[in-house]
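To start, the structure itself, in structure tokens.
Note that the chains take the letters A, B, C, D and E in the order they are written out, and that residue 1 is the start of every chain.
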Amino acid sequence: SGGTDDEASADSSSSAGASEDTGVTELKAVSVQLQWLTQAQFACYYSALDQGYYEDEGLDVTIIPGAVDIVPIDVLTSGGADFAVSWVPKVLGSIEQGSAVTDVAQIFERSGTMQVAFADSGITSAADFAGKNIGSWGYGNEWELIAGMQANGVTLADLNGGSTVQQAFDMNAFIAGDIDAAQAMTYNEYAQVLETINPDTGELYTEDDLVTINWNDEGTAMLQDAIWADSDRLASDEDYQATTTSFIKGTIKGCVYAKDDPESAADIVTAAGSTLGTSHQLWMANEVNKLIFPSTSGVGHINEDQWDQTVELAMTTVNPEGSTIITTEPPETAYTNDYVDAALAELTDEGVDVYGEDFTPIEVTLNEGGE
Amino acid sequence: MSEARIAVHVDKVDKIFTSRKAGEVHALSDVSLDVAAGEFVSLIGPSGCGKSTLMRLVADLDSITSGEITVFGKTPEQARKDQDYGIAFQQAGLLPWRSVRANIELPLEIHGWEARDKKERSDELLELIGLADFADHRPDQLSGGMKQRVAIARSLAERPRLLLMDEPFGALDEITREHMQNELVALCQETGAAVIFVTHSIPEAVFLSDRVVVMSPRPGRITEIIDVKLGERGEDLREAAAFYDGVTAVRTALHGETPAGARGVENR
Amino acid sequence: MSKRASGVLWGIAGIVAALGLWEGYKWLGPDDGVMIGDLIVLPRTTDIAMPHTWDVVARLFEPVTRAEGADVLWWAVLQAAAFSLGIAALGWLIGVTFGLALALLMQRWITAESAVLPWVVLSQTVPLIAIAPLVKRWGSEITIGSFQWENWMSVAVIASYLAFFPVAVSALRGLKSPEAADVDLFTAYSASWWTTLLKLRLPSSVPYLMPSLRLAAANAVVGTVVAEVSIGLGGGIGRMIIEFAATASGDPAKTYAPILGAVLIGLVSAGLVALIGVGLRRYMRGEVPA
Amino acid sequence: MNAGSTARTFLAPVALGVLAIALWQALVVAFHVEPFLVPSPFGIAGAFTDGASNILTASMATGLNALIGLAIGAVSGVFVAIMANALGFLDRMLVPLVAALAVIPIVALAPIFYAMFGAAAETGRQLVAAVAVFVPMYLNTLHGLRQAEPVHRDLMRSYAATKEQTNRILLIPGAVPYVLTGLKIGSSLAVISALIAEYFGGPAKGLGRAITSSAAASNYTVAWAYVLGAVLLGAVFYGVTAALESFAHRRRSGR
Amino acid sequence: MSEARIAVHVDKVDKIFTSRKAGEVHALSDVSLDVAAGEFVSLIGPSGCGKSTLMRLVADLDSITSGEITVFGKTPEQARKDQDYGIAFQQAGLLPWRSVRANIELPLEIHGWEARDKKERSDELLELIGLADFADHRPDQLSGGMKQRVAIARSLAERPRLLLMDEPFGALDEITREHMQNELVALCQETGAAVIFVTHSIPEAVFLSDRVVVMSPRPGRITEIIDVKLGERGEDLREAAAFYDGVTAVRTALHGETPAGARGVENR
């Protein structure tokens, strides 16, 4: 019971039966390792699964949620999954350690990471971080923050206590004032703050109470959620190449579905086993849409300038141990647009709008506790 | 006997234990006994006859069910608080983390003696028991007999007028035991304390006592009190005829037989 | 009043007193806690840091989320608790078996004891949150025929890693506990090692074993929950703790629900072990703490 | 025989360790095992020496928290046990609470403590370690306080000793070996707890953070070097407390 | 004596223990002793003189350093494997989780007796020790004397021709102890087994034995072997002059004094 809602998968027996009737070839089993728990951050994948887009592509997809200590790239390279969803700077580190993986689709074009502070804290930019308590999650999620600080001439040693403060899975430390500027995803932790009662007013906190430092604006944004594939298999296995294109295609369709109907996407994710509150889930779906749409060159296409910026930051950002994320340029195989472009082409042929130029986010009202 | 000359006065004492397992145990029934100042009285009897119980009642380690006990004319509780008695048990009961000297000084420490006085008294006692060289040893470095000597020194520390001893030599081997008996006799003569001495050994009771109180169990009661009065105790006494007579008398009382005339003769 | 009944009453009194202390301090203590310099020495009393006890209880009877058909919270917690308990029980079983086997090995060969015991002790200094992902990864390498290593198996293995230790150490002590005279008796009967084990050593080890079995159960529960968090197994208390953390600020009472669930399975497992103790009562003469 | 038993206590575990490491290294080399599965012991040793100063810094951070937690847990455990022993009702009131405390996983406790005592301070970690230490400390001390032999209790009563004197002279010294056993059990728990608590808050220093950030970059050899640091730290804690314990037992052996 | 009539033959035995703490302990030095079939021999001597060690060597619970021991003409190991002896220790050593009957049946169970035979034999033994009504009780429901009787029944279970007993009555009170001695005498007469009996009590040794072996420590050696031969044992014997003579003789040997003529007289 509990173990099965863990991994979302289309009902393979019924689809197998259906394929016999229609004479379509059997569905191909494919698994994807996410980097965190089931939530609307991954609405593209869950929507695609729920709407049968993967099935349409001949895939029987299993979505494996992540957890605290799960490194998706390692799951991918150890054969535990066919694809992995992870942030680019983290993976660059793994690649330098010898992981042979390739970014085959850059689902998020924008970074969702920011640093949030209270309006009355006096913090308006990373330059103000010196002497303050600055929160971070670690696990490789801290690179944009460190890069942003570096760009503003602030080192880790300048922070209060000489290091960042380990942030837990909640925003209590920020609200209690232990952390002056906390790391927050636009789609998650930021909302958590807005779902909390401000004791001064007795109402929920509002965006006016907060200051945000967005790395997209600061120029230290790095690429986030991307689909990674196994480089060796891509090089040798034609079947895998085809699967890659199909998987990307289905996923992009899922993204488009979530863009058009965020309410439904949020419900799908909740049905897949997320226990996040309803308004929070919807907020997340909406914010994630903003990271994808409108898309400059089609959802998933890796823009070279963004990639280069990420790599450059990775080579110059100094970690607490005094070394940079990577010391040498990643290999050629680190990313390719071959598969995503093929998928985009097919989608365009099918009349799917992969740019979403007309995208307008909805207004989401957050309730206390995200209810 | 006048009040002043009576150390312990036990009058029609009953003691009933109520325990969860065994229900009611009638440990002592209608026990009366007077111990004069300076007198040495042994309690003997089979296991469970209430010897320890009687001694513990006198020491106020348990409370009586009915009857009366006075110790030097006071209640046992008052006597305990006034430290009128010294006590020693079958296990020496030394605190293993304290040196020999610190063990002997324990009661003095609890009763707030000055450091100098403590030291002086423990020096005296260490001399008395012949363990002056072992003052700084720990109990586990001592033999069983040495430990028991320390326990006795401890019981004498405050110069009590009454000594209560519950099988103090029970755990020793026969030879050490006889040696300790000799020492105890000497000590008692020196201090002039009254002694209530619990034992299982007939020769021991006879050798040490002025009177031997023989008890029987279920319910515990006194069946006979035998006057021994052997006079001067010495090593020779143990092989003396009077001693064997005492032994025989106590054995007979213990076995609950009426001493027959014929047997008395055969006995010699 | 029987001793057991009075024990239960005092226990309830203890819980009530603890709750009273909580509420009393929350009422009297400052919002920012009692500070010495910059150091908070007594906790903050805000609703986020210390929700009212009754809010925590009341929250249990509200649905998990406002989504259609969401379970009421206590039911969701109960289901998660049952799931984790099942894994913990398996981990306990593996751990106890392994611990006993190790103890037998060490009792049988003194050289094995010298060689193995230090490593057994050292094994418990490995932070398990670091090994949890490894176990999962090693497990994912395992496929034998149709058998496929599942994540919950990794969690059970990690639980057993914590559970085996007290059993191995206490069982060894228990197996060595018979008095020399008893062992001599069996030697005099020229009884084999097995006979001595079955008729003397194992029965004698029960008083040592029981407390360690209880400790192993508690460890297995802790191990299960930590491993669930670490490798992200869904369905249990561990996952619930992280999931609910997302609403820790807006809905602080909710975060306490899985903690109550963890305590519940801990107590239930201790109770189950106590049942084993009832069966072995004949071999119990006082307990020797693990 | 004398030399034999010494050899057994020291050489046997070392021999087993060397054997295991050699086998491990051989397997890793022979089967080309990837470091993310199992790094080679030589690789770990290399990373350990390369990063020695970083590992030392991280160990100091974690170790200090563990030490403070150990001290708080030990003192409070002993104190509460003494109170519970003196006041019978307190003991019985604490039964369910201690049972609950024993099974609350650190992952659940840590966030609460950070909310209560501030997430930017080390206090939360120290308290998590303290709670982990408290339980064995309390149970062992209580057990130790009850080991006083009846003859000693009778003796104290015959001296009309006060409760305070009985505690100070008889019960507490008698419980010392048990207290030290509790301390030994608690010592490695303190290290592990302080380390795991790093996952949930507090300044981003220490072994726990180092392990995760290395692992997140698939740098397992380094991650394992930090794990080795954690093991050594735990071993130091255990070794010191075990030595204390055996010293106390030796002084006390035989009555 | 012919081979067949000798139960235990000890010839110039030395036993040296090497322990980490105490270094080398010369527990037995040049000990020679023959025990005839059916003979009752007591070993007496101060603590540490090697009584238990000697008995354990005979039982093959320890191995000799030099010299030779045979039991019914075999090596001790063979005798142990053949179950030629029964053994009992100071603590009754009953397994607390087994009933009285199951404790008695323990050796039979280990040696694979049939259930019926076991039952039959344990019935016999329970009858013999007078505890038939207590067959299903657990050891902790028995008194010390009863426990020791069970232990003795257990040692007799396989009808051994040799009984080895290490202070079996050491933990009992004097009265129970005398009672048990009487029972043991009766049992030995019934079974005709040879007995090696370790004790600390002079009267016990004298009362029970055909011969009393007196030992001295550091290193453990036999100093004297005293023939007792009191004939028919009965309660009266304990108060008989011959008994007291035996006691005096053993005491004198133990104390290492040359018995003076004058003292022999005084003794009577």
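By definition in this document, a contact is a pair of C-beta atoms (placed from the backbone, for glycine too) under 8 Å apart; a residue touches a chain by one contact, two chains touch by 3 or more.
Worth saying up front: this structure is predicted, and the values here are computed from it rather than measured.
The fewest steps needed to get from chain B to chain C, moving only between touching chains, is 2.
These two copies of the sequence, chain B and chain E, are related by a rotation of 175 degrees on CA atoms, to the nearest 5. Pairs A-D and C-E differ in how many C-beta pairs touch across them, and the larger number is found at A-D.
Farthest from chain E, judged by the mean position of CA atoms in each chain, is A. For chain B, the chain whose average C-alpha position is most distant is A.
Centroid to centroid, with C-alpha atoms defining each point, chain C and chain E lie 51 Å apart. For this pair, chain B with chain E, the centres built from the Cα atoms lie 32 Å apart. Chain geometry summary: the mean Cα position of chain A and that of chain C are 35 Å apart. Distance between chain A and chain B, defined via averaged C-alpha coordinates, is recorded as 86 Å.
Across the assembly, chain C contributes residues 44, 48-49, 129, 133, 137, 141, 229, 245, 248, 252, 255 that each touch 2 or more other chains. For chain D, residues touching at least two other chains, in rising order: 36-37, 111, 115, 118, 121, 199, 215.
Of all residues in chain E, none touches two or more other chains. Contact residues of chain D toward chain A in the complex are 34-37, 51, 54, 110-111, 114-115, 118-121, 198-205, 209-210, 212-213, 215-220.
Across the interface of their complex, chain E is touched by residues 45-48, 144, 173-176, 200-202, 236, 238-241, 244, 248, 251, 254-255, 263, 266-268 of chain B. Looking at the complex, you find that chain C touches chain A at residues 44, 46, 48-49, 64-67, 76, 79-80, 83, 129, 132-133, 136-137, 140-141, 150-152, 229-236, 239-240, 242-252, 254-255. Touching chain C in their complex are the following residues of chain E: 56, 59-61, 80-81, 83, 85, 87, 89-91, 93, 95-97, 106-107, 109-111, 140.
Listed in rising order, the residues of chain A touching chain D in the complex are 68-69, 71, 73-74, 77-78, 90, 93-94, 96-99, 133, 135-136, 138-140, 160-170, 172-173, 176, 178-179, 319-321, 325.
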